[in-house]
Amino acid sequence: MTTSAQVETPRRRRGRNERLATTSSRFTRALGVIALLMGASALLLALVISPPEVTQGDAVRLFYLHVPLAVAGGYLGVGLLAVGSIGYLWKRTTFWDLLAASAAELALIFTALTLLTGSLWGRPVWGTYWEWDPRLTLTAVLFVLLIGYRAMRTASVDPQLRARRSAVIGLLAAADVPLIRMSVDWWRGLHQTATLNPLNPSLDGMMLFTFFWSMVSFAVLFLWLLVHRFRVAWLEEQLADRALDEAIAQRRAEAPQTP
Amino acid sequence: MDRGGLLMWRDALLVAGKDLRIEFRSKIALNQIAPFALVVLLLFAFALDPDRGFLGEATPGLFWITVLLSTLLVVQRSYAVEAADSGRDSLRLTGLDPAGVFLGKAAAVFVVLALLEVGLAAGVRLMYDTSLRGWPVLVVASLAATTGLVAAGTMYGALAAGLRARETLLPLLFLPVVAPVMIGGTRAFAAALDGSSGEGWRWCGLLITFAVAYVALGMLLFEPLLEDS
Amino acid sequence: MDRGGLLMWRDALLVAGKDLRIEFRSKIALNQIAPFALVVLLLFAFALDPDRGFLGEATPGLFWITVLLSTLLVVQRSYAVEAADSGRDSLRLTGLDPAGVFLGKAAAVFVVLALLEVGLAAGVRLMYDTSLRGWPVLVVASLAATTGLVAAGTMYGALAAGLRARETLLPLLFLPVVAPVMIGGTRAFAAALDGSSGEGWRWCGLLITFAVAYVALGMLLFEPLLEDS
Amino acid sequence: MEPVILLRDAVTVLGGFPALAGADLDVWRGEIVLVSGPNGAGKSTLLRLCAGLASLAKGSGRVLGFDLVRQRREIRRRVGYLGHANGLYLELTAEENVRFWARSAAAPAHDDVATLDRLEVPTRWRSLAVAHLSAGQRRRVALACVVVRRPDIWLLDEPHTGLDGPSRDLLDGVLREAVAAGATVLVASHELDRSAALATRTVRIVGGVLSSTDEPSDGSRGTVDVA
Amino acid sequence: MEPVILLRDAVTVLGGFPALAGADLDVWRGEIVLVSGPNGAGKSTLLRLCAGLASLAKGSGRVLGFDLVRQRREIRRRVGYLGHANGLYLELTAEENVRFWARSAAAPAHDDVATLDRLEVPTRWRSLAVAHLSAGQRRRVALACVVVRRPDIWLLDEPHTGLDGPSRDLLDGVLREAVAAGATVLVASHELDRSAALATRTVRIVGGVLSSTDEPSDGSRGTVDVA
């Protein structure tokens, strides 16, 4: 612990942080451009270009937002949450923890949007905002599970405790999703009525293309956002690290210098 | 493995014994949680009264909601006991086997909850005038559902323990996860009471899956929870 | 009287300010109790099979049961804060006016609960697809019922506080007492939603009576509660 | 001329056990009385009784001229009590805790800051939630909450617990100041050396029994104007 | 030959604050080390770190040859820790509390009674729920729970708090016995007179910094067989 080391360490750190002071890299900038272009074109296709549906009219346009949002949030997001949680419990490194946290946060947002677009769509199509359909119910439960995950992340400031407990919660929640799925499927599946299939199974070509295009676009968008969310979290971590180094230095200064 | 396995059971017994002894001393479950459960049942009767018709039909659901809320209280109490004097350092310091601690705490909660359910069933039987047909399904479904609830509750109790917001965090984490138990228990009971025990057994299958999954997860994942600082 | 009255309001403000500040710091109600309430709503859907049509009819009852259970949590939290470090000596030692303390704690709980109800109403509106006709009755009934719940909750919270088994004692004491609120709120809402606001106002009368009675009782009886040793 | 604390054959029962089994005590204004005795003797119970927190099962007692059975609220408002536990709001900062106590005693504005200054509470802690303080730091904040109320009687249950050397000296200084300004202090403690040096008189309680109706050793009798 | 406790530049972070900001410490077998320092210096954090209860954010540490990051459970099983709080089950009796700890450490049967005898816990308290004991009585029961485990390392955070004179002497006696039997003791305390008399060495921690890799003053080096 020589003086030169004390002077040097912060400087070196600052250098590294400056390099990290943006959340983008050449790769993600490219990815971002692609994601935005794809998203914009998907929106354009969905909201303007694609034809209105015979029975639903313009309401069908929500379809191109709703389903991709649901798939990206539900499958991609929760899947990555599980991966991150298991990774953390296995390796105990910040990377996995932050991956899980970022995925969960985005999944929460996407699931909320799924609920929103779904409800908005349900009003014109089913005549109701909400129906106790298995899929809807599953989405609602998933939404609350993700809120629970977030609540744990805000409930403690100790990074290790938070990481450990969140990983357990993430894993339990992800493991629970198939069980919930099964139970709500059986729950309503037994009395299934045919009312919930308003979309004509035979989509016309333009509509089909729009649908797939926005599926892919939203997945790319999700991943792009994930990369950035992860990097923000990583930077926050670095910042906390640096703040910690400063705090340590400051606290050491409290102590009288021993000869 | 042998030594570990033996130790696990010894530790489970030790912890369960301690928890049950505390419960026996304070008689919280008997004197307070049981009446609470009955009061909740009564409240439902008020809330749903207008049409006596559907109170009867809704009975299985109300039974399980009441059990769920009681589970919350029993689990809360189980961890309040740990934190009473020092915020849960003790269990960690003992160096007991984590899986053993999990099993022990869960076993104690199970005993209390099972007794509670028996009382509750009697109450339901009287208050809502339900007949208890198809009892094999009822018994199996109750055992499986209770095991699942208890395992999940013990896990989430430990997850929330020691945090300042535990009273509110526990229900938030616990309730959505046990949705399958809620659905399964309700449907199994409804099927059994309707006399269609074939469907009842299918739901029992779901409940058993849940119970097995959560007991296994609990034994595996309790270690990082106890390790916490 | 003048000095006493002034002191009472000053003390009420002081206590309410402290409690709301703590809530603002910890954000427990926002982050945890509100989602909890939503989960309970979900669970009811599972328990009461939505297909059979009585979920819609039972909506007012479910709303009030959910509010009731949330009140329990908010009150529990309000007293957990007092007992965190010393088992409730502080409030007694301050020598604050008991009626003031009562009003202050009740006001803080009221603020939190009212916000929660707004969110819950939105959730109910969406999930159970109820239309909000007859809103003047709904608003008056909500305000009166909430005041009653909060006053009773604050009273019984104080009664249970400091006893070792408070988590379980509070529900046991509180729930039976607020049965009238439960019934009144449910009936008032049902009447309002049915468009028969005449009957709705009658129930509002009951709720207002309850609220006034409990606020008055609280102001009178809080002194012996605080004085307990 | 009445002593500020006057107990006659006072009995306090806790959970069926007579924690205080007959205490006779006269404390005069301006005294610093050390209550000593083995563990479980009833020291804490005695202090809680005098603070109006425990109730009198038998015998009689008056504090500051108020009756210990019927006028406990008046007493509580005028005494400062520090128990084994600190009684702080863990979510609030040190400053907010002290301010709450200051306001509840209707203390002059800015007394809170003055008190924190007097107790030399470093700035860093003042805006930290009490939950994040160390044992000794909390104890010091708890003391500040008592000091800021300027009580007529100070009832301190092992106040030195957890305090470091300088803080102990500071506390003794504060107590001497308070007494000089007309307060009375009752301290329970097991650290006899330090406390005996501070105290003007020592009483000993054993097995819940205390018998000390002495006058202050220096013969000067403090008095209280009965309200 | 490795010290039983070995910390190198150990940092522990609590709520974002470096409560321990770089501790170097070697403790050899058979020592009684007094940890002194002002309030908030990091004494309690140091003891919790050594007990495997707080986590190591930077630096490295070994206790009894086990790593402080990866083998905390092994460490916890072998140390006895007494914190500011007692960690007793309030509903259980003194006897039951001690028995629980004895069993969890797989101590020989009847060790629980022997320990209570050794600590001279009167028969009346033994079958009383701990919730009904006074502060000092509880502290003594908590000590018994540590003693009964026969730990290799004793980590005591202000163990004298609340104890009366005779109990303090008793505690010192117990510690000397334990050390004679091969244990090591780390005591944090503000009661320097008493503790310094007991300790074989004193280390001082200020502002989370501790630097003491001395050998024991008497030159005799205790050792530990690394597991």
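Note that the chains take the letters A, B, C, D and E in the order they are written out, and that residue 1 is the start of every chain.
As a working rule, a residue touches a chain if its C-beta (ideal position, glycine included) is under 8 Å from a C-beta of that chain, and two chains touch if they have at least 3 such contacts.
If you're wondering where the values come from, they're calculated on a predicted model, not measured in any experiment.
*Asks:* Two chains share more C-beta contact pairs than any other pair here; which two are they?
*Replies:* Chains joined by the most C-beta contact pairs: B-C.
*Asks:* Would you mind checking which chain's C-alpha centre is most distant from the centre of chain A?
*Replies:* D
*Asks:* Of the other chains, whose C-alpha centre is the longest way from the centre of chain B?
*Replies:* D
*Asks:* Provide the C-alpha centroid distance between chain A and chain C, rounded to the nearest whole angstrom.
*Replies:* About 35 Å separates the centre of chain A from that of chain C.
*Asks:* Chain B to chain D: how many Å between their CA centres?
*Replies:* 46
*Asks:* I need the residues of chain D touching at least two other chains; which ones are they?
*Replies:* Residues 90-91 of chain D touch two or more partner chains.
*Asks:* Pull out every residue in chain A that's touching 2 or more other chains.
*Replies:* Each of 141, 144, 147-148, 151, 158, 160, 187 in chain A touches at least two other chains.
*Asks:* Mark out which residues of chain C touch at least two other chains, giving numbers and ranges.
*Replies:* 26, 31-32, 35, 39, 42, 46, 164
*Asks:* Quick check on the complex: what are the chain E residues that touch chain A?
*Replies:* Checking each residue of chain E against chain A gives 9, 11, 13-18, 21-22, 55, 57, 206-209, 211.
*Asks:* Could you please specify the touching residues of chain C with respect to chain B in the complex?
*Replies:* Those residues of chain C that touch chain B are 26, 28, 31-33, 35-36, 39-40, 42-44, 46-49, 52, 54, 57-58, 61-62, 64-65, 68-69, 73, 76-77, 80, 164-165, 167-169, 171-172, 175-176, 179, 182-183, 186, 190.
*Asks:* Within their complex, state which residues of chain B touch chain A.
*Replies:* 152, 155, 159, 163-165, 169, 172-173, 175-177, 179-180, 183-184, 187, 199, 202-203, 206, 209-210, 213, 217, 221, 224-225, 227-229
*Asks:* What part of chain E is in contact with chain D in the complex they form?
*Replies:* 14-15, 17, 37-40, 44, 84, 125, 132-137, 140, 158, 161-168, 190-193
*Asks:* Touching residues of chain C toward chain D in the complex: what are they?
*Replies:* 11, 14, 18, 21-22, 25-26, 81, 84-87, 89-90, 92-96, 98, 223, 227, 229
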